[in-house]
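Lettered A, B and C in written order, each chain numbered from 1.
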Amino acid sequence: MWLRTLARLLIAALPTTTVAEGDKNVLAIGGSVTEIIYALGEGDRLIGRDSTSSYPPEAASLPDVGYMRALAPEGVLSVRPGMIISEDGAGPPETIEVLQAADIPFITVPGSYSVEGIVQKILTVGEALDVEAASIALASDVRMKLQEAEAAADALAGETPKRVLFVLSTQDGRIMASGTNTAASSIIEMAGSVNAVTGFEGYKPMSDEAVIAAAPDVILMMDRRGDHFVANEDLFALPAIAATPAAQTQSVVRMNGLYLLGFGPRTADAVLELTTSLYKG
Amino acid sequence: MIISEQISSPVAPKNRRTVARQAHVWLALALLLVAVLSLATGPTGTSLWSALGKMFSGKPLTAMERVVLWDIRMPRLIIGILVGAGLAVSGALMQGLFRNPLADPGLVGVGAGGTLGAILAIVLGSTLPIWFSDIVGNMLIPVSAFFGSWLVIVVLYRVSTRHGRTSVATMLLAGIALAALAAALSGIVIFMADDQQLRDLTFWSLGSLAGATWTKVVITAPLILIAIGGSLFLGHGLNALALGEATASHLGIAVQRLKLLTILIVAMATGAAVAVSGGIGFIGIIVPHLLRLATGPDHRTLLLNVALLGAAILLTADIISRLIIAPAELPIGIVTAVLGAPVFLWILLRRRGLVDM
Amino acid sequence: MISARDIRVEFSKKPILHGVDFNARPGEVTAIVGPNGSGKTTLLRALTDEVHWTGQISVNDRDIHAYKPWELAAIRGVLPQIATIAFPFTVIEVVRLGLTSGTHGGEDRIVQQALQRVGLAGYENRFFQELSGGEQQRAHLARVLCQVWDPMRDGTPRWLLLDEPVASLDIGHQLLIMNCLQDFARRGGGVVAVMHDLNLTAMVADAVTMIARGEAIAQGPLPEVFTDHWLSAAYQCDLKTNAVPPNPSAFILPQTAALRGH
């Protein structure tokens, strides 16, 4: 506490430096925040990002401060940020406190898994970067696209929306699936479909019988490379999946994780793509 | 007159005791060196020397220098020393208590209890009333981890102590059972966790000194310093214990009291270390082993050397973890494992004769 | 004086000692003999409090329970039958453990002399774990000797309690050690030793307690206990004490100088 006061006194005694528009000193934390910043045309102001910021490709060349919930204070300071814009949930709290004691503006961008949530994120980022006009434009554009996408999805789904099971992983043959109140669940609904699981919240392991009882028409997964990748033959060979309608039609949809679940500016496109995959095969 | 046999087997150097005492000085110097290095390096490139220069000539430090040197590096340095020394001494004490060079604090379930405490705090922390969270603040996880460790140790002690005598063999088995129980309870709580909490737990388990704050220093320093200080008095007793409990008792050692003190000290030091830095492995086994090979197993000199070397090694690992993938940070548990495992294997291969029981 | 009254020991409800009385006087070597399983080692372990016993034991006219561990250690050294060691200590480090604090000045002098007495001079820096069984036993004896270096101090006799001290030694070393114990007793200390070898016992002991089937069937000076009658009763076979070898087969005897009194 006393340190902040001391820090403030010291800063007041030094020649002031302000976070002027156009300065390259913004640290973005959280994939959707980074995407929004680039979408607003302010990507040049970024001086660093976190490990979940994988889009656009230019972001990859920025210094990576690590996983957003396990930030190291000196590591963050070493990229010399003049401002930090972060998704909800950055941590640990000790690091955030040190950054605040160093008098670096830390703006948290709250969001929820909904159209309004995305709009709110865009507006908050825009305000932080002092580009409110651009953010209002982007936000309304995004809102419109999302509403169109949802409408199109509802139309395609019609009277028989598909039952979708989002599978996070099948390590050791255990199905880790999404229940309600997750990004996956929300995106499924935005695509006019029904989450096959309603019995629990969050991502949890499901018993084989529960998966069969859920009777999904389609399996939705993130597309991954390496040893997390499960080939179709292996996926449908799992006893839990083999007895589902999805297995009979060999219906599986794979999409990039940040694209599908990030709830950022590309979400409308993601919804459209998902809907197409679900209903047009 | 009996004629002595020709000496053909390896012989220890004369006066291992003197060597061990000299090691106090060398290790203290090494620790000092690493400590200064730790304070002087970091991803921001903040220079210790220019800051000292400014302080001596009366000029004010920049906010960055103040925050980096005083808020980040200093508490981290102190916690690193305390945790490194605490874990290493705990390892040596456990090996003395169980009379086995492979024993480590994990055997008494301290780690499992600490993890259970941390998991409870991470997953259920948000369900606590606001007034409580406000008081405890960031210390919820460390405090919970510490109590978890203590709970396991208390139960373990009670289970293994009958008629005022603690059976070390029972402790070993009961420790395994309790660790399994703690893991099972942890599993149940993990099941209730959401994605973010799971990741928090993963990182906690890998160990890190990044969350070092002055509050943590103030709370853990007395615990660990008292523990280490107390252990220095147990040297002769542990030496005697190496011959077996009966012999130790015939040599005049109050064996039960020795066991109790050892367990208490391990609980304090490891409990505090695990609480503030998560799961850091290998220090408790490697450091005492290296020193026993270099300067002999006499606990009277071993324990202090172990504390100094443990601190120096952990600080070194911390420097690596801070710089190797800057600006991100590698959890320190990974560094100690990557460094520790090959060293351990190398020791075993080189000196097979001295390790066989 | 070590005296014990009505010592009873049982393991898992099975009685091992059925109320044994025992006495040992300072200045004497008292041997405890008997067949395997008779309870002779158990008696010693009761005296050293290593097993749960009932009865009364007093050392130097003081009840054993009244002693603090370090007080007992100052007047009584115990040599176990086997003692493994957990870490790579050297011989000298193990022997030094026997020194109670307060003799810092004379420390190494005493340790060297003790090693000499047991025939391990020059073994100081060898690793204990690398010694043979017999050598380890002798090193432990050196340690115990250091612990009670002065057999008589301030008028208080000090004690050596040993469980088969020469069991794994060759005959040369057996004689060395038995002489060492005898010397300790001659200088005023008390020695109580569980002995397996009857002939060695006959050469060295002043008093004998004979244990058989959990009871002390005979106690007293050596000539009174080592009779055909008692020996045969204890060991359940026909034993004869011989003053000279009566039969033609080889009967190994050390030089007469090593025999008591003759």
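Operating definition for what follows: a contact is a pair of C-beta atoms (placed from the backbone, for glycine too) under 8 Å apart; a residue touches a chain by one contact, two chains touch by 3 or more.
The structure presented is a predicted model; accordingly, all values stated were derived computationally and were not measured.
Using the touch definition up top, find the fewest steps from subunit A to subunit B.
Minimum step count, subunit A to subunit B: 1.
Where centres are the averaged C-alpha coordinates, which chain has the largest centre distance to subunit A?
For subunit A, the chain whose C-alpha mean is farthest off is C.
Of all the chains shown, whose C-alpha centre falls nearest the centre of every protein C-alpha atom combined?
Centroid comparison flags B as closest.
Need the CA-centroid distance for the pair subunit A / subunit B, whole Å please.
Measuring from centre to centre gives 38 Å for this pair.
Between subunit B and subunit C, what distance separates the C-alpha centroids? Give it in angstrom.
44
Which integer distance in Å separates the CA centroid of subunit A from that of subunit C?
Chain centres of subunit A and subunit C, defined by C-alpha means, are spaced 79 Å apart.
Would you mind writing out the residues of subunit C in touch with subunit B in their complex?
Per the stated touch rule, the residues are 48-50, 69-74, 76-78, 80, 83-90, 93-94, 97-98, 100, 119-127, 129-130, 147, 172-173, 176.
Give the list of subunit B residues in touch with subunit C in this complex.
Contacts found on subunit B: 2, 4, 7, 9-14, 16, 99-101, 236, 239-240, 242-244, 246-247, 249-255, 292, 296-298, 353-354, 357.
Inside the complex, what are the residues of subunit B that reach subunit A?
Of all residues in subunit B, those touching subunit A are 42-45, 60-64, 66-68, 70-73, 138, 191, 194-196, 199-200, 203, 208, 210-213, 322, 325-329, 331.
Using the touch rule from the top, collect the residues of subunit A that touch subunit B in their complex.
Listed in rising order, the residues of subunit A that touch subunit B are 3, 6-7, 10-11, 13-14, 48, 51, 63-67, 69-80, 89, 91-95, 97-98, 101-103, 202-205.
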